[in-house]
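Quick heads-up: structures coming right below.
Both complexes shown next keep chain A, but they swap its partner, so chain B is in the first and chain C is in the second.
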Partner chain A sequence: MILALLLCAWLLWQQGLSSALVLGDIPGLWRSVWLSGFTGLLSTVLAALLAVYWVQVGQRFAWLVGVPHLALAVGLAQIWSPSGLWGHWSVASGLLAQVPQFPNLRDDNGLFMVFALMLKEAAFLAIVFGSQSTAEDGQRVILARSLGCNRAQAYWRVHVPMMLARGRYAIWLALTYAVTQVEVASVLSPQRPPTLALMIIERLNDARPEAWTQAIWLVLALVVLVMLTIVTFELLLKPLLVHRAFGETLAQRCLSGFSRFAALHIVLSIVILTVLAVSKRWPSGQWLPSGWHIDTLSRVLSGDVFLNTLMLGLTASLLGILIALTLLHFGWRFAGASRIWVVAALGLPSLLTVLGLYWLSVQTQLPSILVLLWGHGFVVLAYQLLLLAPAWQKLPKPLCDQAASLGMRPWQVTSRVRLPLMSRVIATAVAIGFSVSVAQYVSTLVLTGGRVQTLGIEVVIAAGSGQRNYLAASALMLASLPAVVFWISHAAPNWLWRTRKGMQIVD
Partner chain B sequence: MFTKTTQYLLSLAVLSGTAIADQAAFDQLSQDAKDQTVYFHAWGGADSINQYIQWAADEVESRYGVTVEHVKIDDAAAVVSRLLVEKQADKSEGGDVDLMWVNGENFHTLQREGLLADGWTHKLPNMQFTDPDDLSLSFDFGVKVEQQEAPWGRAQLVFFADPTATPDLPTSAAELLAYAEANPGRVSYPRPPQFHGTTFLKQMLSELIDDRSVLNQPADTVDAAAITAPLWGYLDQLHPHLWQQADSFPQDAGAMLQMLDDGVLDIALSFNPSEASQAIADGRLNPDVRSYVHSAGTIGNTHFVAIPFNANAPEGAKVFANFLMSPEAQARKADPNVWGDPTVLDIERLSAEDQARFAALEQGVATLSPAELGRPLPEPHPSWVPVLERLWAERYQP
Partner chain C sequence: MTKLAFGFDELRNGEFVLGPLQAEVATGEVLVLWGPSGSGKSTLLQWLVGASSAEVKNGYIRMAVQDLLALPIEQRQLGWMQQQPLLFPHLSVIRNAAFATGDLVAARQALAEVGLSAYAEADPATLSGGQQARVALVRALASKPRALLLDEPFSSLDPKLRQSVRELVWKQIRDVHIPAILVTHDPADIPQNLPVTQLDLSHA
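Showing the complex of A and B:
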């Protein structure tokens, strides 16, 4: 990460600081900055509120974390685009005589993009908030009720502030992602101008010699924007959320309805992807497609792209696990400088890392596949350490000490005591690492120049070219792969250690 | 002095001798290319084209032992940008790109920045089937090709509509404006700098100015702002009547075709004259859709493949480029059921058997005949592309 920053600084030093003036030549820059900040803040605030609600009513969408942003965005677009589900059914039902001109998925304020981002980030935040809940939480709410608060007041005055305070870092991560993401923006961003992150990608794809200088300055501007949005959230928006003193009941009802609306869209987006992946032409004004086939789906499943995605995800994830467990074995702890490294790896815009790595790979002429694994593994490892480190530290020390006293060497204590005890967490970390790798669209594209084709790249290309059947089949596979790996990761430890209960062998 | 017959026989002998020498050199090239992997960077936005490239890759692997990997890209400018970075870093060999599908604008940049391999196309045996006097093969967007790119196919801007739903097809810029005013929200074009969007701007500009020849000159040698003024005036009138009032645009021509089929738009466009036929044959498009062109003609060009300066497998790339120009590959490409891309070969130079391949091709239900397509309008000088894109962005991306 530091290397990436240094490389950017070196490159700009070569070009001269006056090269920043090129930013003035970019039409729509300030509008783009505003758009990125606004959509990032709004989606994160809504996601945080929805996540707190989901935790309270019991999590039902944890699985959504594994679905890449891109796949969900494509699914939502197929519901709401004028030529999507809504467009077809509004004509088929006779509600409208012609396919509607609205809504505009790429509306000037990026509201559809906000909606898509919110759904995904809410699932992530709900998992984090849920994992940080304690038995005391319920008692605090009960205390508030006993002191005269109604249900809604207790929720807004006690539950929400408590969750937002505990999940501060997770919210910052969500905010950073929302401001800097390219995946959802490539499907739903406004076009005149696009978001700042998309503007950077446009510059990286621009053949003009000055475009790269512009891209680097824009990446640095993006870093500043991330910091500004975090400050804005902490100083302005969070106080508004946690010091509500009126309208709690109405807000509670709105949140409940909004949650149902969101849930409907999550389910519908998967359904519509499945339908379009196996359908032929869908004539205008018809309730359903005119025919069905699985040729495209079979082709996607049997193609190199699917295999590349699978292999890359597994390699990055297993490498990450290996490194993480080695680090933990040698005493790595999630504290101090280590914590800063992990938070920085996840909290700084991925575009910065990718740009730095790409420049490094060109300068050193490292093989692109190695750089790609570095780029993926870097983020995967950070997520896995975030998950594994607390579990490792909670392992009962007396058991490990006893194993050592029985003559086990340190590596044997790890392999025969710690790892079996952590099998479920490790399996989950493999699945999370896999889904993080599968979702890495920008790094795969930039670091290999497209030489390693993955489902993410395929979906973005297909999304822009109107190949609806192929797009849906690729997006469905993109969504399904992590889900299957999650399922396997859940089932595998049960099967592998079916004869064990903790350290005990059972018949 | 030699008689004319002697001269003819002598030249024939020299030509055949050259051909034999070329064949021997190519055989050696094929040997050198064996077991190489060629990374072919080509637009991957159309399933039919992707499948055709896969077929060609399989053929070259079985015939020459050369593996071809199709690197699907959404914009060739991204590849040019990468090559620029590699050039700055002195990465003169082992590059990521072995062969790329380019248009004139990117070719101009590649040539200007010294990012192309030295002339090589004259060494390809299948070049003998092209017409050396065909200026569209020796000039790309008005820039001399210098044997640095091999011709692959031809393109001409065509429009698609369903005549049963749109009986009065607008065949000029003025008629298109009138149509959009009468049918608000039913017309659009891809957003520049997307290739088809920029082509739409060039088409309208060509129709709206009196003297088209000024577009053959580099944009920085003329008053570009004054010359393009009629275009901006026209778009100012057109935009309020476009789909979404021009707040957003279709991503590209493929997306427009889907929107035409979905009933969102009345008119789509493409650079492939057979695209509608291909989509109809594939069951992706309303069978009533037909192609048409503007009465003043539409912009056309030839598309090429080029080898970058630092290609890792230049021999394999040449073998693949040669195969792409073979009568067999060109005939398959021209088939509307496969891709429908017109050939760059001169049919009269082919053997009777190969001529029969082309003669057997059906035109496609929605494809215009060469006479209906008319003579294509020449592409403006490539320097107009960044000018048009910049002025468009400044005006419509505040």
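Showing the complex of A and C:
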């Protein structure tokens, strides 16, 4: 981030503030700013409400966090696009005469993007809210009812504001991501004009110097927009925390119905990706495709793109684990100033970070693979430290002291006591790091100039080419890879410690 | 004179069974529930307030002639103070006090009566245990309850604070003249200047 800001300051020094006038040459800029702010804010507010509801009713959609944004966006597009699932089923059920031939969603306000972002952010926020819940929260809701609130009133007046107030910083993170993301926008955003983040990517891919000047000014505009949406969110939140709510029962029913609608789409999007990935052709008027084959899937699985994604994800994740454990061994704590960069890595617009890294790579002439690993590893390491640091601090100190009293050096205490005790959480951190790396689209695209192809990049290219089966197969693999790694990370410690009863609960 | 009367043949909460039991408390009177841990004192209070999923056989809860048992928790109008004050962390002190009514003026006055007017806009988390207990009492009484149920409300306080909060609670019960049920382990919790009935649940 510091690099990016230095770069911006340097360029501005070189070109003067008057260079901002280039922004006036961009058609549809204000519409783009509005689109980014509106979709980011609306999706985050809905995600927060949905997440609070999921926590309260105990629905478990945490696994959705592992599904890359891009894969979910492609799945939803295949459900809702005119020539997608609903198009085929409308013809099959007699509602339409034939499947419309245009493949893209006609959605000038980005509402499908809002829906996709909402699902993903809700899963993330539900995890955060769930981890912050206490046994007293339920007692407070009951207490509110003893003070005269009915069930819905107690929910809206106590449970919702309590969760939103506590999870405020996580909501800021989600909001920042929603305003600045490229992944979902590259599949579901309106194109004329696109979101601000997509506009920046378009200009970063343009070799002309004026395009770069525009890109830098747009990045600064994006940062200002993030701040404005956070302020707007806070202004919206404040009355919700203290107002006397009305219409709570109706709102409760709407939320319940909406939650079912969302769950249906999560399942359907995965099903449609699978169906399209193994289908031959889907004749108009048929409920299902007419023939099946796995050639497309095999093509994706055997290609370099799949291997690149796998290797890059594993390398970034394992390197991240190595660095995180080394830092923890030497006393790093998630507290004070040392957590600033973790929060910065997770909370700042990735475009800003990527821009800084790109500039650094140009100045230092570092090999692009190293810069790419740096770009992925930066975010991967932040997530892994977030998970590992509390687990490290919770390790039973007497066990480590006992090992030391038996003559072990500090590194031996770590390797022979701490690491085995933490094997489950380490495995989970590997899986999270892997899924974070697989989901990195912007950094892969910008830092390598498109020279390294990954599944994420392939999906975006396929989304614009109309190769529906290849798109679905790539998106399915993009979603499956993290899922498989998550499954292994869960199963491996169970198998490893199958004969150690005490290790079944230590993580 | 309005009485809170309740009884049942059996109150079952999982493996735990209590009963048969019958009792009543008149206005301005305190029914003290005794018994060792696990004897069902808190379960009984939760059943009375309507927060329990315990099964009951031939049960009744009557306030004057109205049967409260069929009513949901929010319509029973029974004030409830628990061991922890459970103030709503997202609301200021005064909005906690005014939670049931929304009447900020009355809440401010009630806070002044318990010596907390200076803390009206404060974050509840910054209050001491005794101050939080006082806010919880104000909040419970502001809802104009027909009876007050006290589930060891003094046990989390240190001895010095305990005495002052006890006196405040008994004074309020005298002033609003409603029946009260107190669950406690500590004989010092029993009010000296209010009519008291004692019920030992270890034999129920």
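The rule we apply is simple: the second predicted complex is superposed on the first by the 482 of 507 C-alpha atoms of A that agree within 3 Å, B and C clash if a C-alpha of one lies under 4 Å from a C-alpha of the other, contacts with A are read in each partner's own complex, and residues count from 1 in each chain.
Heads up, the rule we're going with is that contacts are C-beta pairs under 8 Å (C-beta built on N, C-alpha and C of every residue); 3 or more make two chains touch, one makes a residue touch a chain.
Because the structure is predicted, anything quoted here is derived from the model rather than measured.
S.K.: Judging by the criteria at the top, classify the pair chain B and chain C on chain A as clash or fit.
M.R.: Chain B and chain C fit side by side in the superposed model.
S.K.: Tell me which partner A:225 touches in the superposition: chain B (first), chain C (second), both or neither.
M.R.: It touches nothing on chain B or chain C.
S.K.: I'd like to know which partner A:284 touches here: chain B for first, chain C for second, both or neither.
M.R.: After superposition on chain A, A:284 lies in contact with chain B alone.
S.K.: State whether chain B or chain C is in contact with more residues of chain A in the superposed arrangement.
M.R.: Result: the larger residue contact count on chain A belongs to B.
S.K.: How wide is the angle at the Cα centre of chain A, looking out to the Cα centres of chain B and chain C, in steps of 10 degrees?
M.R.: Superposed on A, the angle at chain A reads 160 degrees.
S.K.: Applying the document's definition of touch, where does A:144 land relative to chain B and chain C: first, second, both, or neither?
M.R.: After superposing on A, A:144 lies in contact with chain C but is clear of chain B.
S.K.: First (chain B), second (chain C), both or neither: which does A:457 touch?
M.R.: After superposing on A, A:457 lies in contact with chain B but is clear of chain C.
S.K.: With the two structures laid over each other on chain A, which partner does A:439 touch: chain B (first), chain C (second), both, or neither?
M.R.: neither
S.K.: For A:165, is the partner it touches chain B (first), chain C (second), both, or none of the two (neither)?
M.R.: A:165: touches chain C, not chain B.
S.K.: Is A:136 in contact with chain B, with chain C, with both, or with neither (first, second, both, neither)?
M.R.: A:136 sits against chain C, while chain B stays out of touch.
S.K.: Please state the minimum Cα-Cα separation between chain B and chain C in the superposed model, rounded to the nearest whole Å.
M.R.: 43
S.K.: Can you list the residues of chain A that touch chain B in one structure and chain C in the other?
M.R.: Correct list for chain A: none, the interfaces share no residue.
S.K.: What part of chain A is in contact with chain C in the complex they form?
M.R.: 136, 139-140, 142-150, 153-154, 157-158, 161-162, 164-166, 241-242, 244
S.K.: So in the complex, which bits of chain C are touching chain A?
M.R.: Counting only chain C, the residues touching chain A are 49-51, 72-80, 82, 84, 86, 88-92, 95, 99-100, 102, 139-140, 143.
S.K.: Within their complex, state which residues of chain A touch chain B.
M.R.: Counting only chain A, the residues touching chain B are 27-28, 31, 82-83, 87-88, 91, 98-99, 101, 104-108, 190-193, 204-209, 211-212, 280-285, 291, 358-359, 362-363, 365, 368, 448-451, 453, 457-458, 460-470.
S.K.: Quick check: in the complex, which residue numbers of chain B touch chain A?
M.R.: Against chain A, the touching part of chain B is residues 39, 41, 44-47, 69, 71-75, 77-82, 84-86, 89, 91, 94, 96-97, 105-106, 109, 113, 185, 191, 243-244, 247-252, 254-259, 261-264, 283-286, 386, 393-394, 396-398.
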